[in-house]
Amino acid sequence: MKKSGFVVLLMVLLVGLCGAADAAAKDILIVADQYDATTMDPIAHNDVPSSRVCYELYDTLVFLDNEGNVSPGLAESWEFLSGTEYKFNLRKGVKFHNGEEMKAADVRYSMMRATTDAGAKIATYSQNVKDVEVVDDYTVIVHLKKIDYSFFSSLAHSWGSVINEKATEAAGDSYGMNPVGTGPFKLVSWQKGNKYILERFEDYWGPKPKYKTLEVRSVPEPTSRTIALETGDADIAFPIVHNDLKRIEENENLVLFRRPQNSTAYIGFNVTKKPFDDVNVRQAIYAALDIVGIQAASYRGVGKVPGTLIPSAVKYSINDEIPPHVQDVEKAKKMLADAGVKDLKLEIWTNERKERVDSATIVQAQLDEIGIKSEIKVLEWGAYLNGLMEKKHDLFILGWVSTVPDPNFAVSGLLETTAIGASNYTFTSDPKLDEMLDKGRSLPDGDERAAIYKEMQLYINAQLPMIYLHNDESIAGTQKNVKGFAPRSNEIHSFRGVYFE
Amino acid sequence: MILYIVRRILFLIPVLIGVAFCVFTLLYLTPGDPARMVLGEMATESAIQEFRRKEGMDKPFLIQFGNYIYKAVTKGDIGSSYITKRPVMNEIMATFPSTLKLAAFAIVIAVIIGLPCGILSAIKQYSIFDTLTMIFAMIGLSMPVFWLGLLLILLFSVYLRWLPPSGFDTFKAMILPSLALSAQSISMITRMTRSSMLEVVRADYIRTARAKGQKESVIIWVHALHNALIPIVTLCGLQFGQLLAGAILTESIFAVPGVGRLMVESIKMRDYPVVQGGVLFVAVAFSLVNLLVDLLYAYIDPRIKAQYR
Amino acid sequence: MDENTKNGLLLEIQDLTIQYVTDSGTVHAVENLNLRLGRGETLGFVGETGAGKTTTALGIMRLIPSPPGVIQSGKIIFEGQNLLDKSEPEMRGIRGGKIAMIFQDPMTSLNPVMTVDKQIAEMIKLHKNVNEAESLKLAGDMLELVGIQRERMHDYPHQFSGGMKQRVVIAIALACDPGLLIADEPTTALDVTIQAQVLELMKKLKQQFDASMILITHDLGIVADICDKVAIMYAGRVVEYADKCALYSNPVHPYTIGLFNSVPDLDEDKEVLNTIPGLMPDPMDLPSGCTFHPRCTYAVDRCSQTKPEMIHVGDGHLAACPVLAKARG
Amino acid sequence: MSDSVAVPVNTGRKKRGGLAEVLFRLRKSPLAMFGLIFIVFLAFIAIFADGLAPYPYQKQNLMHSYETPSQQFLLGTDEFGRDILSRLIYGARISLQVGFIAVGIALVIGGMLGATAGYYGGWIDNGIMRVMDVLLSVPQTLLAIAIAASLGPGLFNLMIAVGISAVPRYARIVRGSVLSIREMEFIEAARAVGSSDLRIILKHIIPNSMAPIIVQSTLGVASAILNAAGLSFIGLGIQPPYPEWGAMLSGGRQYIRDYPHLTLYPGLAIMLTILSLNFLGDGLRDALDPKLKR
C-alpha cells in the first residue's frame, strides 16, 4: 500500500512532466562538466574548469591551437625585440562586455595585476614580468626580468587574459563573480556549485558563436554525466570515465572524442627521507612494479604509461621513444639487498581520486612481493598537500598538468630547486638539473633547445625521483549533431566554434 | 507570547557563540593550511604571509575568535570566502534555496505519505496492513540514503530513463533527491503517528468520547488525531531541521547545489569563513525551526500555550 | 423481591461473562454475573481493585476494549432489551443518551485540547436535535447546574482544578438526561474535602434528573451514604447482593464480613487493623470452586469443588456462600 | 488505582530474572528475534572472519575483476578481482567495531556528563547541559563531518568522530532518567544510610536507568554504523584496502550501470545490519518498558 502509494504519486508527477519537453529551436549549448569554476577572475585560479570559462569570457594576446601553433589574438602581430622584450601590436576596435574599447592600458593593467599577490596562484607564469610599457594606445612592450622563451606561449594561458581596468577596480573583491572581458561570451548568471550561463557577446570582434546561450553545468558523478548525454540533457559532456567509453561509442546518437592530454600522473619519492634518498632503492622499487599492468588496471584502457616526464604533445618530448618498463621482481630484491635495505615499511599517500587509490592499492600488493610492507593513506586534498609540505611522506601519487605546452613547465614546477616549498614534493634539488632547466629557458626554439630537453628527460629517468604512472587522455562525448568541437590536450576545451547540424 | 519568542531568540545568542567556538576550535585543529590551499601550489612565501596577515591568521587563537565574534555581533559580518572573496552570507544564500526546496519537498512527501499510513496502521493495529507498513517503515529507516539514492538513480535514470540523475533546476530533477531524502522521514513520521495514535486511542478522554456515543470516525479524526498531532508536529519540525542540514549525502549524490555540499566542499578547500558561517547558519536555521515548532505546539496544545510566558 | 422494584426494573444482568484473551493467558474478569437494578435506585458496587467492577460497567456500555476483551455470554437487559443484541449504531444512541458514565480520573477523562463547553456540547448534539449554538448554550446551562460559572465555559480542562473537572464530567454525563448513570469511583482521585462536595452534587442531581445510578467504589462509607442496594464483587463474581441496611446489619458472605472488619472502627481501640488474609487470586488462574476459599476462614472441603450459587438469605438478600447461608438461614 | 481495563500481565506469573524476563518478552516479537539472531550471526562472522572468509580481503586477482557471482566467488569480485564476500565479512568486523566503540565512547562520555548533571543539578547541571545544547544545535551529520575532517581519516578517528557527535544525545537521555530516579524513595534511603554520591550513582541510579539507555544504545549502534558509512562514502572515513561497507559502496558507484553487484551487496549488508539493530532496539524497548506492554 505504501509502496503503491509511492508509485502512484510518481506516475502522476511524471505524466504531468514528460509531456512538457522543450521544443524550441536549438540556440543553446548545454555542457556537462565535472566541476564548477571556482572564480571567473583569470588570475585567481589555476584549475581547469575556471580556465575553461575564462577562455570563453576573455581573450589573450595570442592564441595557441591544439598543435601548439601560435596565432594572433588581441595582438595582431608581435616582435621579439630581445630575449626580454616582446612588442605587441594590438587589434583596434575590440570592445569589452561593458562597451569600453580595449587599449594598451588595459593590457598593462592586466599583466601588472598578475604580478601582485592577487596572482599568487599563477605566479609561475607572471613572476618573470618586470614591466609592461605602453607605447601608444595600441602598442605595448612586455619587459621580462630574465630571458625565458617559455614565457611567450604561457601568454595563451588564462592568466594572460586581458581584463577591463575600470570594471575590475569597481568590482573589487567580487570581481571573480562579475567578470568583464572581450571574449565571445558574457556572463548572464552563475549559480555556484551548479551551473553558469553565458550569452553571446554581440559586439565581439572575431567570429561570433553560432548559438546564443552557453550553459555549463557541473555534474560530479561520472555516471550522471553519461546519462545526461544519453538522455539528451547535455550536448557535450566530459570527462568520460573508462567504463562508459564503449557505451558512448556504441550509441549511434553520440560521438566520442579522445585526445592525449598534457598531463603526467606519477608516484613520487620523498628523496630527503631514508632510504629513498638512494637512487638504487628508488630503482629497486621501480623494478618491483608492473607499471604497465598497474596503469592498465587502474585506468582501464585510457591513456598510457609515460616514458618521460614531458608529455608527448609537448615539444621536444621523447615520451614515446622509451621502451616499456618490465617488472623484474628478482632484480628488485637483489638491488634492495645490495642497498642494504631490509624490512622496509612505507606509506603510500594519495588523494581520493579513484584511479590513484586503485593504483596505490595495486602498488601495495606488488611491493608486498619483495617484502616491503606498505600502508595506504588516502587523504582529502587539503590535508594531503599539507602533509606533503611537511615532508612526512614516503611515496605519494600526484599529477601534473602542463597547461602551457612548453617543456619547461612540464619539469620546472616539479623538480627545480626553486619549486621546493611549492609544487616540488619530491624535494629534489639537483644542481645539474637546475642548470639544464635554466639553459632550456634561455634558448629560443630550435635544435639546441631540443637537445637540452632530450638530455634532461633521460637524466631524470636515471635519477628517478618519481615513477611515471599515467599520461591521461581528454575524453569527451557529444551529441551527433554537435559540430566544431574537439577536446584540447590541456583540457581547456573551447565552445566558441561549436555549431549544430 | 511575544516575550517568550524574544526570550528564546535571546537565548540563542550564547548557544551560537558556543557553536562558533566549537567550529573555530575544530577548524583550528584541522590539518591543512588554508593560505596554501587558497593561493595554490605556486604561491610564494611572501604571498602566503601576506594572506595570513590579511586574514588575521597570524594572531593567537583566542584573539582570532574574539575578532570574529566582535565583527559578527557589531556589524553582522561573518567574513568573506577565501576563494571567491564574496561575503560568506552571499555564498550561503546562493545555496540555501536549493537546500530549502529539497528539505521542504522531502518533508511534504513524508507527511503526505507518513501521516495517513501511520493513522491507518494504528486504527488497524496488528492487521496485515499494519505489519507491512511497519516493516516497510523500518526498512525505510534502515536504508542508507546514499544507497537508496543510487538505487533510485539506477531504476529511474538508468533503466527507466524517466528522471534525470542530477541537476536541480527543474521540478523533474528535484523528484529523485527529494524522494531519497524523504525515505527516513516517511518512516519516522509513520512510526511516530502510529505509536502516538495508539497511545492517544487508549486515553481516558477517548473512552469518554465513546461513552458519549460518538462515532468512531469522529473519535479518530477529531479527538485522537488532534492530540496525537502534538508529538508528530515536533517530529516533523525536528526532521525538517535535520533535513536542512542532513541533506549532505543526498546533495552530493544528486549534485544538488545546496548548503550541505557547500559545507563539504569548503571543508575540503579549507575555505574556513564559509565553513564557520555555514555551520552557524545551519545552527540558526535549526534553532529557528525548533522555535517555530514550539510555537506551533502552543497552537495545537492549549496546555503548552499557558507555559509560554 | 418486592413487586415494586420488579415492575420498575431498569437493568438486569444475567450470567454475564467477560474475558480478556491475551497471549499470556485468559483473564476471567467477570464470571456469571447476575444483577438487577430498579428505576430510581442507586446500586453500590463494591470490591477490591481488579474484582471486575469497571469491566462490568464497561460491559454495560459495550465499551470493553476489544481485543483483548470479549463478552463471552450472558445478557444485559436494559429497559427490557438486551444490549448485547444491539448494533453498534444503536448502541451509540444509548451511550450518553440513556446510559451515561462518569469515569474515575477527571484529570484524564477530558480531552485536553478542547474547551469544556465544546465537550459538553458534543454530547448534547449527539443525542438532542439542536444546532451548534443551542448546544453550546445548553452546555453553559449544564456547567451552571454543576456549580461552575458560565464565564468559564470557554476554558480548557487544564485551567480547572480536579474537583471542577469532575463537575464538568458530571455535566457531560447528565447533559442528555440519561436513565442510568454509571459512576466509576468518581471521587477516588479527588481530595477528601472535594469528595464530599462532588458526592453531594451527584446525589442532588441524581434526584433532580430522576436517574438510576450504579456507583462503583471500594469505600463502604460512600455506599452507606448514597446507595439503596449494594453488590459485593470478588474475583469477577457478585458474592453478595442486598439492601443497604440488610447488608450492613447482617453481612453473610465471609468476604463481606472481612470487608466490614477491615474498616477501622473509631469506637474500638485495636492495635492491629483486621485484614483479610492472602491476596486477590490471579485472574488468569482462578481457584476452583469458590474463588474465595483459599482466603476464607470458614472454608470447608466442598468449597474448593463446587462453585457456590447465590442463595436467598433474606428479603432480597442473596449471598454466594452455602456454608454461612445455612448457618444464618 | 482500580483501572482494571489494563490487563495485569505480570501478576502471579513465576518471577524470572531480569534478563530472562526480557528475553522471554523479546521472544514474542519475531522481528526482534530476527534482529537479535542476525546481529549475533554478524558478530560471529566478524570475530571469526579470518577463518570464514574464502579469501583475504585485500587479495587482488586482476584476471578476475568485475566477475558476477559464481562458484568461485560467491558474490562476485570487485574492480581488482577481490572477493566481495570476503570483503563483506571483514567489513562486518569494521562496521560492528565502529558501531559499538563509537556508541561506547558516546555512552561513557555522555553517560558521565548526563549522570553528573542529573544527579547534582544546579549550576553543574546547567553548565553541562548548556554545552550539550550547543552541540545539539549543530545537526549530528554536520558535526561528525567537521570532527572527522579535523581528525583526518582512519578507523580510530572515524569512531571518535561518530562517537563524539552522539555524546549530547546520551547525556540528555541519561540525565533524564537520572532525574526521574533521583527523586525515588530508595535513593533517599541510600542517602539516609550514608552512601557516597559515587556509590549511589553507580549502584543505584545507573542500574535503574539502564532500560532507556540500552534501547537508545542499540538504536545508536545502528545510527553510528550508518553515520560511519556515510562519512566513508564522502571520503572522510576509512583507508583502503580496509573493506568498510560505506567505502565499498562509494567505490563501486562508478560501476553501478555495468556491475551493480559492486554496490548492491555492501548496500544490502548495511541495510540488513541497521534493520536488525532497529528491530532489536524496538523489541527491547517494548520488552523493557512496562508502560508500552500491549
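Lettered A, B, C and D in written order, each chain numbered from 1.
Going forward, contacts are C-beta pairs under 8 Å (C-beta built on N, C-alpha and C of every residue); 3 or more make two chains touch, one makes a residue touch a chain.
It should be emphasised that the depicted structure is a prediction, and the values quoted were computed from it without experimental measurement.
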Return the chain whose centre of C-alpha atoms lies at maximal distance from the corresponding centre of subunit A.
C
Chain with minimal offset from the mean of all protein Cα atoms:
B
Please state whether B-D or B-C has more C-beta contact pairs across its interface.
B-D
With chain centres taken as the means of their Cα atoms, state the distance from subunit B to subunit D in Å.
22
Averaging only over C-alpha atoms, locate the centres of subunit B and subunit C and give their separation in whole Å.
53
Centroid of subunit A to centroid of subunit D, CA atoms only: how many Å?
45
Centroid spacing, where centroids are CA-atom means, of subunit A and subunit B in whole angstrom
37
So subunit B residues touching two or more other chains come to 30-31, 153, 158, 252, 267
Please list all residues of subunit D that touch 2 or more other chains.
149, 152, 253, 256-257
I need the residues of subunit A touching at least two other chains; which ones are they?
221, 223, 380, 383
Can you check the complex and tell me which residues of subunit A touch subunit D?
221-223, 226, 241, 243-244, 247, 293, 297, 352, 354, 357-358, 360-362, 364-365, 375-380, 383
Help me check something: in the complex, which residues belonging to subunit D touch subunit B?
31, 130-131, 133-135, 137-142, 145-147, 149-152, 222, 226, 229-230, 233-234, 246, 249-250, 253, 256-257, 260, 263, 267, 270-272, 274-275, 278-279, 282
Can you list the subunit B residues touching subunit A in their complex?
30-34, 36-37, 39-48, 50-51, 80, 83-86, 91, 94-95, 98, 109, 112-113, 117, 120, 129, 132-133, 136-137, 153, 157-158, 161-169, 171-172, 175, 179, 186, 190, 252-253, 255, 257, 261-262, 265, 267-270
Within the complex, which stretch of subunit B touches subunit C?
126, 202-205, 207-215, 223, 226-227, 300-303, 306
Okay, in this complex, where on subunit C does subunit B touch?
61, 63, 65, 67, 91-97, 100-101, 103, 105, 108-114, 119, 122-123, 126-127, 156, 158-159, 169, 172
